[in-house]
Amino acid sequence: MQVHQQVSEYSDAIDLMVNMGPQHPSTHGVFRLVIWVDGERIVKVEPHIGYLHRGSEKICESEQYSQIVTLFDRLDYVGNLNNELAFCLAVEKLTETVVPERAEYIRVILCELNRIASHMLFYGVYGLDAGATTPMLYGFRERERVQELFESVTGARMMHNYIRIGGVKEDVPDDFDENVLVLLDHLKRGIDECDRLLSQNEMFLARTKGVGIITGEDALDYGVTGPALRASGVIEDVRVTDPYSIYSRFDFGIPVGSNGDCWDRYYVRVEEMRESIKIVEQAISDIPNGDISAKVRRIIRPPVGEVFVRTESPRGDLGVFLVSDGSDKPYRVKVRPPSFANLQALEYMLKDTYIADAVLVLGSIDIIMGEVDR
Amino acid sequence: MNMPEIVGLFFKASLLLFFILMVVLILTLAERKALARIQQRKGPNRVGFKGILQPFADALKLLTKEDILPASANKQIFWIAPLAVFLPGFLIWVTIPLAKEVVLANLDMGLFYITAISVLSVMGLLMAGWGSANKWAMIGGLRAAGQLISYEIPFIMAILAIGILAQSFNLKEIVDDQARWPFAIKQPLGLFIFLTAGLAELGRTPFDIHHAESEVVGGPFVEYSGAHWSVFYLAEYMNTFTIAVLTVLLFLGGWQSPVLPFSGIVQTVASLSWFLIKTALVIWVIFWIRGTYPRVRIDQLMSFGWKILVPASFINIFLTASVLYYALPHWVITVVSLGFLGVTFYFIKKGSLAGHKQNTVTIINSSDIRAQLSNRAEV
Amino acid sequence: MPMRESSNISSKREIKAPVVREYLDQRGENLHKILKESISDFPGAEISVSIDMVTVKIDSVQLVKICEFLKYTEKFGFDYLSCITVVDYEEDQERFEMIYHLISIRLHHKMAIKVSLPSNDPTVPSVLGVWKSADWFEREAHDLFGIEFEGRENLPPLLLYEGFEGYPGRKSYPFHDYGEW
């Protein structure tokens, strides 16, 4: 009866403390959010992370450069290819490797498709957070198409280990171009369908509009990046403002919200999928023939120095900081995970909201715990 | 009451229970199949022909599961709660007629009895929430109490209007009164209120906030497992069926059909099937709503209930009563109700509940940003 | 182009390895120029370049001051702290190096601030008052490297569990100490 007494004690007081997570269906992994509620209203929240801390950065220090790519797969396990790319870019910058054109195009195509797949997962799960079951199935249907293409190219559905230092692992299959074009057709229709299903739904609007608002300045102050930052009206996309790989060649739009609420964060992602399709279309039309990898030595020994690269992963500004001491293993690898910084703003966003909003706000940040905890 | 009578009643009650159980089993499969159809998947298709034995497999699994009692739960309350939810729902069925002769006890105050009994299940949910000694369950139970009590009012008001119109609380007489026109035509506003409030009473999407998986992790049921959990499940589907049946009885003319040329037992069977077809249609609508809508938030639920449904139900009653009092033709109710519904929906669409239906996301072209950047290169 | 100081990394291992080339782009050159002018207000600040990143090395007492300067000065406007990194140079006197990567979203600059800390007293003033995003990064540094932050008391563990012994990010922390079975 101890717990009963506790409950009544708390209800005599103002706030009831509840644990959302680590085992909770809508914390997207092992995330624990301690909430103090007054009735249904949230008084205070306290996020706890670290349940998935595997010491990835430390493991990197004991692996050779080419072995680390596969560790990066396991950070953001939804946007794997983007993570691989970030690490390979860092090493290539350090070693001044020039990546062949064809490899660059393949990288961009796959990374953008990966972004679509990741946003589709977000779409499905966000619908589920809002209490609608159907978007989940729609989102996963589209994601499955992308995964099938990935399987045909990389041989894996999740942990690709495809983007390598200096290029990619192997050339794409012969029917890659046609497959991508067919996939894009499907995706265009699928995205429109998903958009029609949820975006303008009265109840969805009522749930997400004006909830979890964060202003652009505050978002920057908290280090929020990616779709969540753009939803607050800040025009910042590393692909354009600090271009890496060959992104400067493509013409695409950057969706920018104006309210910084949950709906904007949701819809920025939906629009971003459409823009990613544009990038893939341009890339697939002028993909050249040629090598798929630069000549890279089997054991890479970069010169002594430090490098910091920023890339735009599906969740935001993914930075990789690399310190090389000239040996075949990095001296220090630091990942700047976008979800980690985005999650810091959760406390701010959850001011004066309801329990039900907590789920939606958390969902709209789109965290991946593998990346937060590393 | 002599022995054979008691045995007969007992037999009838068992038959009713069996019927309800069968309906629930079919409904679980039907819901999964219907949702699967909406969501472009197959649904259960392994057990038996096209999965029709799936509910039995589920039932078997649930009954053989371990019944877990949380260490700090209040034992009595915890075990009684499922029954407290199930029994009121079941007791309603005493007076619900399925066809002209198929009814356990045709009470004259049938509707009154139904409204009185159905409220009791709130108690069960609260007990489950409290007895589990789980904070999520507690929040869920409190949500359920708030939701069910506030939607009880429009629910009863909609029923009252029917009573006024039919001049009777006897379900059989109400159905007989709809021989020519089903009350759905005379009471469109009432039908809307009844179905909406009914969905809230059931706690089904979009009003499933008290056992919302993604928020309160199943609410009052979070600590239950095995047989006790299945009783909650049973009650939920039984109540779905009850609401659908009541909708058909009160608004869609019950077993009344355009043509039923038969007589005797054949007619009973025919009218029963007709009745069940109508019920299935209503249930399909409920499933359909589940497949397409997200959940509302508790404050939105409350403001919708108190600010829209309750006033609307009072207007409905007032309208019906005055039309009958001044002996105006009944189509006046229809016209005014439809007008009122139209205005309500207009305000829902314009008002705060709908949010602001505009796209706040603009797309900025990358070339524009690049141009800006190159302008700014010379700091 | 300024010459790079000899890196303190090479002291760790005796490997004859080349040092990375620097190549600043136009934007970086500009930043380097205006930073060099402004930096003279801060005694002990040194400016250098690593690949394409302008780096300022500064004494830990000056850290908050320069951070505020960089954030609130119109021509810099570093409104976004990307990340805080700790590098453990085990054998050096100045054992820990804190690296703050700053990005100006408004002006599209990027730079790094470096602070070296001695091994016996790795204490650095907290920049939480300047950028709120420093919060978790500082807690992480405290968890994994045992860096103390002035102005923030009793940092609760973020990535590790309560009562964890040692600082697993440090080079000296035993890494492969589990046996196979």
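Every chain is named by a letter (A, B and C) in the order it is written, and numbering of its residues begins at 1.
Simple rule for what comes next: a residue touches a chain if its C-beta (ideal position, glycine included) is under 8 Å from a C-beta of that chain, and two chains touch if they have at least 3 such contacts.
None of these values were measured; they are calculated from a predicted model.
Ranking every chain by how far its Cα centroid lies from the centroid of subunit B, the top place goes to C.
Centrality annotation: A (chain centre taken as mean Cα position, compared with the mean over all protein Cα atoms). If you tally contacting C-beta pairs for each pair of chains, A-B comes out on top.
Taking each chain's centre as the average of its CA atoms, subunit A and subunit B sit 40 Å apart.
The distance from the centre of subunit A to the centre of subunit C, with each centre set as the mean of the Cα atoms, comes to 25 Å.
For this pair, subunit B with subunit C, the centres built from the Cα atoms lie 60 Å apart. For subunit B, residues touching at least two other chains, in rising order: 373. Contact with two or more other chains is made by residues 108 of subunit C. For subunit A, residues that reach two or more other chains under the stated contact definition are 241. Residues 35, 38-41, 72, 74, 133, 135-136, 138-139, 143, 205-206, 208-209, 212-217, 290-300, 348-349, 352-357, 359-367, 369-370, 373 of subunit B are the ones touching subunit A in the complex.
Within the complex formed with subunit C, the subunit A residues making contact are 49-50, 53, 55, 57-58, 61-62, 93-94, 96, 217-218, 220-223, 234, 236, 241-242, 301-308, 310, 317, 319, 321, 323-327, 331-332, 334, 336, 340-341, 343-344, 373-374.
Listing the residues of subunit A that touch subunit B in their complex gives 1-4, 7, 16-19, 24-26, 37, 40, 127-134, 137-138, 141, 197-198, 200-210, 231, 235, 237, 239-241, 248, 250-259, 263-264, 267-268, 271, 275, 354-357, 359.
By the touch criterion given at the top, residues 7, 9-10, 12-13, 15-21, 50-53, 79-83, 85, 87-88, 99, 101, 103, 105, 108, 110, 112, 131-133, 135-137, 157-161, 168-169, 171, 173, 175-176 of subunit C touch subunit A in their complex.
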